[in-house]
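Multiple structures are listed underneath, in structure tokens.
Here come two complexes built around chain A, the first alongside chain B, the second alongside chain C.
After this line comes the complex of A and B, so read on.
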């Protein structure tokens, strides 16, 4: 066991937040406590869909120890939030649309009293019919959940003519794929501390975009943004799940109402009930190819269950539509996507952002066609791969790249694909292998506000401060910032002070999402380093009389580099005593120039090979070996990179084989880790190998891409292919059901 | 049809306060708490030892793992009346004299990312190594089967343990 290797695992520097984490000394925002703080709790709906006839809070207010009970009447500003449209009420007062809808919130001197007060709030409901399926939501006779009906968003891409080309195909495959509602399952549930200040409010609560929270809170609280400070880092995991507001509005309102600090920390049950999930999707695909294995036509219909509110639903659907053909050239494409409101929880941002779902369908089609045509699955992919300077999957201009070709070539050499599988097996255990490929866009894409930026300064204490509005969710951003900054500037880690995740101290950098953090830190430093170094050496030159051309930044200060002589000329501290210096940059994440909503410009790639063992007696699928190749530009921090790929892969293993946040009639059936199973240590394969391909296409000036998502995409289709090889059964629905495997055996 | 709904109320008992003495990380503590208060809350709230985390509260994730009389337990499942006279060791004790070898191994091999499962995970590894200084595969899987990590995919954690062998 324990064969977890990588082509990149050289020694990494210990990550800056490492010691605090392994010793338990790091204070997460849900660990914060302060004298005199109150405990907040939120009353959520009893029904997935109902009218609210009356809310009475008097009994709760009278409970000794209760300091405030608030409802929609207590929202001074906009009673709504949402990253795209603010359609989710902070507090519902006339209708509830899912079981996580908030109706009231309480602050009390102990959590027990707050809990008891929730029980004393009386709400009269009139239950309404529950829309628990997007097909139902599409039905014109269904009750509309929002003023504009149940269709939140529709997106399409059409090129050529699929209908005319299907008759010319030698083989056509049609299939419907069903993808589950996955839960982020970050170990730290949502929470934080809210402190009223003389001039406003301080919010200490995890999020993936502190400035966006500040903006949304300012609308709700009717406070100027400048009076709100959001400290949003560190976090015990997020994976997209904490990007939207969660408990922040309640903590903030309660703190302002009571004038006391308020702490909220959701229990796991509350987190499951109120938190967003990954979009369940039903994807129907018809794909045709010639007998030579050339793809001719691809028709796709995506039905996404976005739940009760919009959050990032439209963007996730756009992403899925964009990635419908992945890295392949298909002359005739027709993709239609529909994102529908239902009473099933809320679906939103999730690592992979629609890529997991659509890639499962796409790669499934390629494998089925290859099988019918008798072509090797790797060869089938190769024959249809885009060329490095081809446009992107929706016909848009993209940065030229051959990452797809490189990862495919690399994975073709995977030893696990070469193992003999036929004999030496128990008759009830079958082994199979599979391969899959993915192409994944970074950044938010065309037409979305996607500003980035950073700031570097020499402060009064002689420290070089590098500042970003990003958050450390666990992804290792601090290590990335440290590595890139010391490399760009030349100073040592001891000279550096990293400031992130604080709207009072760090500049706007955009969100810590969409695999954009690493990339944006690199881009910022490309812009910051020149002017910053220039200012410091000019100042050092004035003090020391050495020509500035001979001066460089180094450990502890500015050094003279003349011929072979190196000496410290002036320390940062001495420089700072003369004058502090700061340089700031603001720019946008690069997008395609073509006006395609959400269209990406920078992509990363991964190819996965997997070996599974299917137990025909129990239906259990065990993953025994995973090999993958990733092309995402230069590796910044080897341990961080590897960790993102390995961790993402195991999250994908859970998605494929274990995880589903099940709902029945709009209510969660899986409420905690006893019924919602994420992979444990026994579920992981005995061997995993990651190869990083660092080369970029000639002339690519966009530096390292993020790898937060790329490891989560291609595993599911690769496992499905491996199961087919082992059993002759094509899986179309995730997570793979043991019963289905057993039944498929009976049919054979 | 109108439904008048208040949440089903469990009987809320007036909590009985008890005095308990326990030894936490080598320090004797006497505190007055509700008899059924959970050890994880005693540690985090009364003793400000927030290194021990809380995540599922039902004994399924191991984020709250601590040692009680040298045995690994989930602090979310232990009540105040059960800890009277016991010896508790939390993550905070491990680095009292510099980093513990387990902690060093986690740092070098990527045994953590967000770090939220890490204190519990490190305690579980300690319990494993106390019992089996050179654990085999089965022993590692057994010992860590109660500790969930969502970030690392466990491979970095296993690398860390193998490194110490």
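After this line comes the complex of A and C, so read on.
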């Protein structure tokens, strides 16, 4: 496999926000300061589950410097939020269900006074039994955490008959996989500035969907949406963690109550306590195959711990159920998923969206079957791969694709798979390699509001403004917009002004989630470019008398292109002096026509090859080389693409080997980055190669797919397989336990 | 605007520092780099009302060597930063075991601020096992006088004292020696220790000599003397390695946390010992 990086350097553009970010000059929304602003703090619950008997705020209110103390009584609208169901109270007043539940909030002239005031708020609790395990939550004798019980959501997919098929299998593997609660670990913790305005409220706070925040805040504040402006970009990372409301209700309520600007910025500890995490899942799988290696039956039970509130829990479970068979054809499938409320921290949206968990289980099964049948793992996958025009994993119609076949073929050439297994220097180190494959749906899926759109305009200053409601969360969106717009329109970067993440200035584009940003920018421009160019060349033709067929948009204005002659006919500035122009588009993300909740239509694919070194002295697993093949359509900005895949891979490395937001009886054990460890530079392999496969199936008109998530999915099962090759031990629980590795050696 | 409610004092010498501490009624703490204290405060330990900064006391911010009774001793001021200590020629050349240990502490930014004294005074610092193997002594002030004692004894003390200097006596050259200091953390770098084990094998006139110390996590490092005694003065060819690692496992008494149990830590300590033993045997036949 060649080094993809070298070719990238020639073609990549420097991202517009790159220099400011790496030099630390960029002002994030949590860096904003304004004269006379107050500092907000939120009082969180002392218990993971308790009745609230009384809340007394008088002492806090009397503390000099305190300007407001608010509780549920101060919420003028709906005392609840949630992207699907608004079941999470803005302020709890009768019961708390997790340690991040808010009870009160304070605005004061300094953060220290606000903090002190929190300690003066008296809350009488009556502790209740803690449900800290989804199995416990399923038990009918458990206390119901919500009016409808502890089962938030159930999703199933059944095809054929697994029970009749298992007896016909030559080999059956049954295993339970346990996946941890990963934290997004974004650089910038949740926060922002909230400014009361004459006609409403301005919210400067990071999110992945400004318009959705505006909608949710409007319900809480009982203010028309038009009176709320949400500026939501740029952000120091999100990875799904800031899609749901976090501090926005408190900042907004305090600002409106005090009539002063209020800043809230959570400490890391507060962020850990209140913030959402990736769903821990326990997945039990029974899979059978014939001796020729053909998969015959696959039975899956998923238990997802969604914590105290719904947020996107149901959608994450739907995604996991959908991807339970991945890119394989299995005639008999039975998948049942259960998403349970517990008193653990709230789980919700996270890069990978349930795909990481289910793929670890699926690929683990394929590897175990291949091992038992004595078939090469790559060959085992190949024998069961879907055909390009086959249905999707839950029998739905999807855009035809052979991405899975292409990435599998490519990864088979990875030189790391041919490396020497014995360690050259140390006899107590063992080397192993592994491969895994995944497919990942983009967009929100069938039955979910998934609008997209954008706007392009020639403004009064002669600038071409391209506007999207998306947010820059570190994914490189500005570079994508710049690349695609200059290519589609023909103008230069100097002619362009990008407007994003501001509900007063940018149109609805949907959320910056689900690997949809790049794809939706491309789709928007496909719709915008024709009418916009037509309007400008028509106008230029009228001014210059050249036929519009001979005019094109270029640097600084409209150019004449006739035979070999090229000349600037009229500048954008001159055009704008005559008339400003704008074109807007609204459409929905392409989805399958079949009525399957959350069912996807567009998929991307990745295959990963990994080499690990297992230290038999300590049980430590070190990843030393990673090759990755990705099929996600044409690459828009190569260095951004590489950044997404490599960044996602490193996040997956942390998920596999290090990261777990541990909880004991509903309380976090890992409260900060000294105990919750993410990979450092020395934990990352020096060698990582990414091969982008840009081919699309003939006639595919859907353009580039996003790559925000695909790099995070397949690494974990590939590492598990590599550990098996090195040690003979199958890992079933992440993060990999060193103790377990040592114990397995003792058994041998 | 942030307001700091803690009073920061700066002492010109250790006597003044001690007096300030005695005179303030509220909670107080001596501070240099503050890197370890910061982690404690972040984890909910009450921020003190008074911080007594020792950075102006130049006397203990230097590294130098002396000849004491015809033997070279290296003196490291307690207020010397870990980074400075790590790169100092006396430490690099004469105490490479200590230099190696310091190189594994936290991250460069922390080593620039944190001091060798702070790393020892917190009693669980990563440099301690290596210093125990080097038979380090310490100079400390107990409020009345400046005293000198072995680091091993000082670690057992319960009374408050102010650490001033670490003194390492140059080891006499011995044949076939092999020393090591291994730290196993939860990740490759910038991580607290799970197990730290340091040791020195050599062949003396009366047989094998072993000095061994282990710590890690919240475990206060200490010499493993029972394990040492099983090895010392034995003939290298007849040393029962399994019995020794068995003793090490019994003698090393690590404290578990949410991430690693005692058993794992014991196993790793024994494995590390065995690897170093093999390395020594390979090196010297």
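List of remarks:
The definition used in the following text is that the second predicted complex is superposed on the first by the 733 of 748 C-alpha atoms of A that agree within 3 Å, B and C clash if a C-alpha of one lies under 4 Å from a C-alpha of the other, contacts with A are read in each partner's own complex, and residues count from 1 in each chain.
What we mean here is this: a contact is a pair of C-beta atoms (placed from the backbone, for glycine too) under 8 Å apart; a residue touches a chain by one contact, two chains touch by 3 or more.
These numbers come from a predicted model, not from an experiment.
Of the two partner chains placed by superposition, only chain C is touched by A:618; chain B is not. Of the two partner chains placed by the overlay, chain B and chain C both lie in contact with A:680. In the overlay built on the shared chain, the residue A:428 is in contact with chain C alone; chain B does not reach it. With both structures placed on the common chain, the touch criterion links A:662 to chain C but leaves chain B unconnected.
When the shared chain is aligned, no partner comes close enough to touch A:337: not chain B, not chain C.
Within the superposed three-chain arrangement, the count of touched residues of chain A is higher for B, of the candidates chain B and chain C. In the superposition on chain A, contact of A:249 is made with neither chain B nor chain C.
When both complexes are overlaid on chain A, the residue A:742 reaches chain C alone and has no touch with chain B.
Across the superposed pair, chain B and chain C both touch chain A at residues 112, 672, 674, 679-682. Residue ranges of chain B in contact with chain A, taken from their complex: 1-7, 9, 12, 15, 44-45, 48, 50-58, 60-61, 63, 90-92, 94-95, 99, 103, 106-119, 122, 137, 140-141, 144-145, 147-159, 161-162. Taken in their complex, chain A has these residues touching chain C: 110-112, 269, 428, 616-620, 622, 658, 662, 664, 669-672, 674-675, 677, 679-683, 738-739, 742. Taken in their complex, chain A has these residues touching chain B: 1-2, 4, 11-12, 14-15, 17-28, 31, 33, 46-47, 50, 53, 112, 116, 118-127, 184-189, 234-237, 239, 265, 267-268, 473-476, 639-640, 642-643, 646-651, 672-674, 678-682, 684, 688.
Contact residues of chain C toward chain A in the complex are 1-3, 5, 39, 42-43, 184, 186-192, 258-261, 263-264, 267-268, 271-272, 274-275.
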